[in-house]
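Quick one: the structure is below, and I'll ask about it shortly.
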Amino acid sequence: MNKKVVVIGGGITGMEASVQLSALGYSVTILEKESQLGGHLKDWTVLFPNLRKGTEIVSFLEHGLELQEVNVIFNSKINEIKKINKHYEIIVEGRKTLVADAILVATGFDLFDAHRKEEFGYGIYENVITSYDLEKIFAKEGEIRTPSGIKPKRIGFIHCVGSRDEKVNNHYCSNVCCVTGVKQAMELKTLIPDAEIFNFYMDMRMFDTHFEELYLESQKKYGINFIRGRLSEANETIDKRIVIKVEDTLTSRPLKMTVDMMVLLVGMEPSKGTKEIANLLNLKMRESGFLKPEDDHTMSNVSNMPGVFFAGTCSGPMSIKYTFTDARAAVTKINCFLKEYELQNRILVN
Amino acid sequence: MTDFGFTINKPRVIDYDNTDKRVLKYLLAHEPSFNSCIFCGSCTATCSAGNFTDFNIRKLKIFIRRGLTEEIASEAEKCMLCGKCFLVCPRGVNNRNIILKVREALTKIESHEL
Amino acid sequence: MEEKRNIWKDYQKEIADDHYYYVRSCIRQSFFPASEEFFLKVLKDELGKDIFDDPNHTTCTGIGYHADVVPFETIMTVVARHFALMKESGYKNIIISCVTSFGIYTEIIETWKHFPEVLEKIRENLYKATKREFDIPLNMTHSSDIIYKFRNEIAEKANYKLINQLTGRPLNVVEHIGCHYSKMFPKYGVGGAEFPLVLAGMIKAWGGDVIDYPERRHCCGFGFRQYLVQANRGYSAANSKKKFESMEPYKPDLVLCNCPGCTMFMDKWQYTISELEGKTYGENNQGVPVLTYEELAGLVLGYNPWDLGLQFHQIQSEPLLRKMGIDFSPEDKYKTRSGIQMPMPECPANINF
C-alpha cells in the first residue's frame, strides 16, 4: 500500500508539493480550511517581476492536481494531531480520522493588519488603503478611483508597513513589499498616465532576478519617484486627502506632501493557521512566530518532529518563485524520509 | 509692532505641495536620464569642486526633485563642469548636462520664460 | 468617530469612582484660576464625590526637571512625598491637575516598575529627609480623565450644548491633549496617543464636533527650555502657529486643552503672532478661544463665565458665549465678586475684542 502524506494548507506550496508527491507515488490528501485552493494567490491580479497574471499560476497548479490524484478536503478544521508510533493521526472536525506517514505543513502567511499602525490612519481615513485593497481595485477594471470617488492625481506608496518595525513586534523584512510597491506604482501609472506617484522607503531591497531592472524601468519609463524616508504619521485634510509626513533623509529635512490616496505596502506575518498547527504538533518557532527548521543551512523544511516537514511562507516571507522552490525541496526531504534514506542524519563537524 | 526680543521661526519642513517644480519639469523634458538617479552619491564622491567646497551635486539633484529653487540656484553655480560625475554614474545619469540645463532653466526663470 | 472605536477599546484605563487625593498645577492657579476651584466644586457639589485638596502638597518641580535644574532623583523624592501625604490622609486614588505633572508621575511609576532598586533608593531618600513612608497609588488619573468619566452625568445636567444657536449646527471644536498626557505611555491616556478620546469624548457628549486637522498631533511648542529663554521663544510660537494655520480651514469655534502649558500658549501666542506678523486667527479677527475642560464643563452646566475666569484669558470668549446662547452680563466682566470694578485690560492692536 502507498505511504500517505497529509498536506496542511492548499496554497501554492501545498498544491505544488502535492502534485510532486503524488507523482512520486504517494497517496496525498490536502486539508484546506477554505472552500477553494490557491491561498492568497487568487487575490493578486498581476505578479512581479514580469507582470504576468496571477490566474496563470493558479491554472498551472490546478492542472497539476488534475494530472495527479490528490484528495482535497475543503473547509477542514483540525482539532488534534496524535503521534502514534511512526505515524500521525489527524482528527478533522466532523470527518474520519486521517492517518499520515508524513505531514507537510504549508499553512502560509497572513497579511499584516494595517489597523495596528494607528498613526497611519487605516480604517479611519478613507483614502488610506493597503496594497491588498489596491489589487482588488485593479481586479475590478475600469477607471481607477480613490475611495472618495475621485481620479487620483498624486499617490503615495508606503514601504515596510508591519515589517522591520519593533513597534508591531515584527523585526524581519517581508521580502516582497519593495518590488510590489514598484509593480503597483507602474500599474497605476499605466492606468493614470498623468498621476504623480511616490514610493516612500527605508531601503529598496531589489534582491532577486529582474527586481533591480524593474526598479530602473519604473523610474526611466514610468517616472515613478522614490523618497527615502519612513512615514511617521499620516493625517487627513479637510477635503479628505492624506498628508504624508516623512524625513526626506537625503536633504535631512522633514517633508510633508498631500496625496489623493496612500497605499500601505503590508508585509507578511505567520498565519493564524501556522500558529495553531505549531501548537498542535509542538513545532519550534522563531521569535517572529515563523516555523524554525532543525538547522538554518542544512535542514530547511525539516521540523523538530520526526515525519513533520514544512515549506513556503509558514517558515518566513518569500515570493512565489521561492515558494515553488521550497515546496519542491520539501518534497525531496519527505521522499528521503519515507524511503528511509539516511541522508538526513549526516554529520555536522564543528 | 511690539518688540518681544524674538521673531517667529520659519518652518524647516519641505512643503512639497507648495514648492516650485519649474526647474524639475524643464530638466525632465531636456535631460530624461535625470529620472534614473538613485542618489547613491558616487557623483559627489568624485566631484572636484565638492572635495574642496561645500558643493554637493547629489544634494542639488534632490533640491531639484523637491522644487527648492533658492537652494538650486546657490548650488548650481559651484560646478566646474569637469564631467567626472557622468563617468562614474552607475545608472548613466548625465550629471554634467544636468548642470547646464539647470543653469539654462534658472536663466529662463529670471527672464520669465519659464 | 465610529471608526476609531477599535483603537479606543485598546486604551481604556481604569478611572476610580470616588475618594480622591488632589494635587494641583502651578500654572493653572495663576493663568486659569477658576479651573481648579471649579473642578473641586463640580466633584463635591454636582457629583457628590469625596476629594481632598491637601494644603501640604507642593509643586512637583516639573518645570525645573524639564529645564534641567532639578535632577530625576530629586523630583522622584518630591513625588514620593506627595504619595506619603496621600497615604497619611487615608487616600489611594490620586488626581493630578497638570499634564506635565501627570507625565512625570507616569514616568516615575514606570521607572520604579522596571528598576525596583530605584524605588528602594527613593524610599530611603524620603525617609532620611522626612521620616515619611509612602505607597504607590492604587489608581492614578489626570483631572481630565475624571471629567471624561463623568461627561454623561454633566451632559444630563447641562443647561447649554456645544451647538451654535444661530445655525443649529454643532460647534467645531479642536482638542489638544498635550504631549505628556499619553505620547510617552499611551496606556495611561484615555484613547491612547494617536486618536485620544479624553477630550473628544467630552466634546461629543456635550454636543460638539471634533476637528481632526493635519497638525492635530503636533506639540503646542511649550517645551519648557524653549520658552524659558527669551531668544528661543520664536521656536515655541512657531509650533502654535503651525497648528493654527492647519486648523484654520475648519473654522474652529474653540480649542479645548488638556495641559496647563498648552492652554496658556495656544491662548497667548495668538496675541504674539498677531503683534509680530499681523495675523489674527478666528472669525472677524477675534482669535480662537482656548479653554480648559473645567471651564467648558462650567459653561455647559450654566455657570457664570466670569466666575469661571474666562476674562483672564488672552482671547476673549464672548463670540463663543453668543454662539452657545449663554446669557452673560458684559458689565460684570471686570468686577470682583463683591462688585468692585477692576482695571480693564487694553485692547490689542490686531485682535478685535
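Going by the order they are written in, the chains are A, B and C; count residues from 1 in each one.
Just so we're on the same page, a residue touches a chain if its C-beta (ideal position, glycine included) is under 8 Å from a C-beta of that chain, and two chains touch if they have at least 3 such contacts.
Nothing here was measured: the structure is a model prediction, and the numbers come from that model.
Participant: Touch graph of the chains shown: is it line, ring, star, complete or other?
Facilitator: complete
Participant: Give the label of the chain whose average Cα location is farthest from that of chain B.
Facilitator: C
Participant: Which chain pair is joined by more contacting C-beta pairs, B-C or A-B?
Facilitator: Looking at A-B and B-C side by side, A-B shows more C-beta contacts.
Participant: Rounded to the nearest whole Å, what is the centre-to-centre distance of chain B and chain C, using the mean of the C-alpha atoms as each centre?
Facilitator: Whole-Å distance between the two chain centres: 46.
Participant: Suppose each chain is reduced to the average of its Cα coordinates; what separation in Å results between chain A and chain B?
Facilitator: For chain A versus chain B, the centre distance works out to 40 Å.
Participant: Where in chain B do residues touch two or more of the other chains?
Facilitator: none
Participant: Multi-chain contacts in chain C: which residues touch at least two other chains?
Facilitator: Counting only residues that touch two or more other chains, chain C contributes none.
Participant: Name, in rising order, each residue of chain C that touches chain B in their complex.
Facilitator: 230-235, 237-238, 241-242, 272-273, 275-277
Participant: Please output the residues of chain B touching chain A within their complex, sorted ascending.
Facilitator: Residue list for chain B touching chain A: 12-17, 28, 32, 35-39, 58-59, 62-63, 65-66, 68, 91.
Participant: What part of chain A is in contact with chain C in the complex they form?
Facilitator: Its residues touching chain C are 115, 118-119, 123-124, 233, 235-238, 243.
Participant: Show me the residue ranges of chain B that touch chain C in the complex, using the header's touch definition.
Facilitator: So the residues of chain B in touch with chain C come to 1-2, 4-11.
Participant: For the complex, give me every residue of chain C touching chain A.
Facilitator: Chain C reaches chain A through residues 3-4, 6-7, 192, 194-195, 212-217, 249-250.
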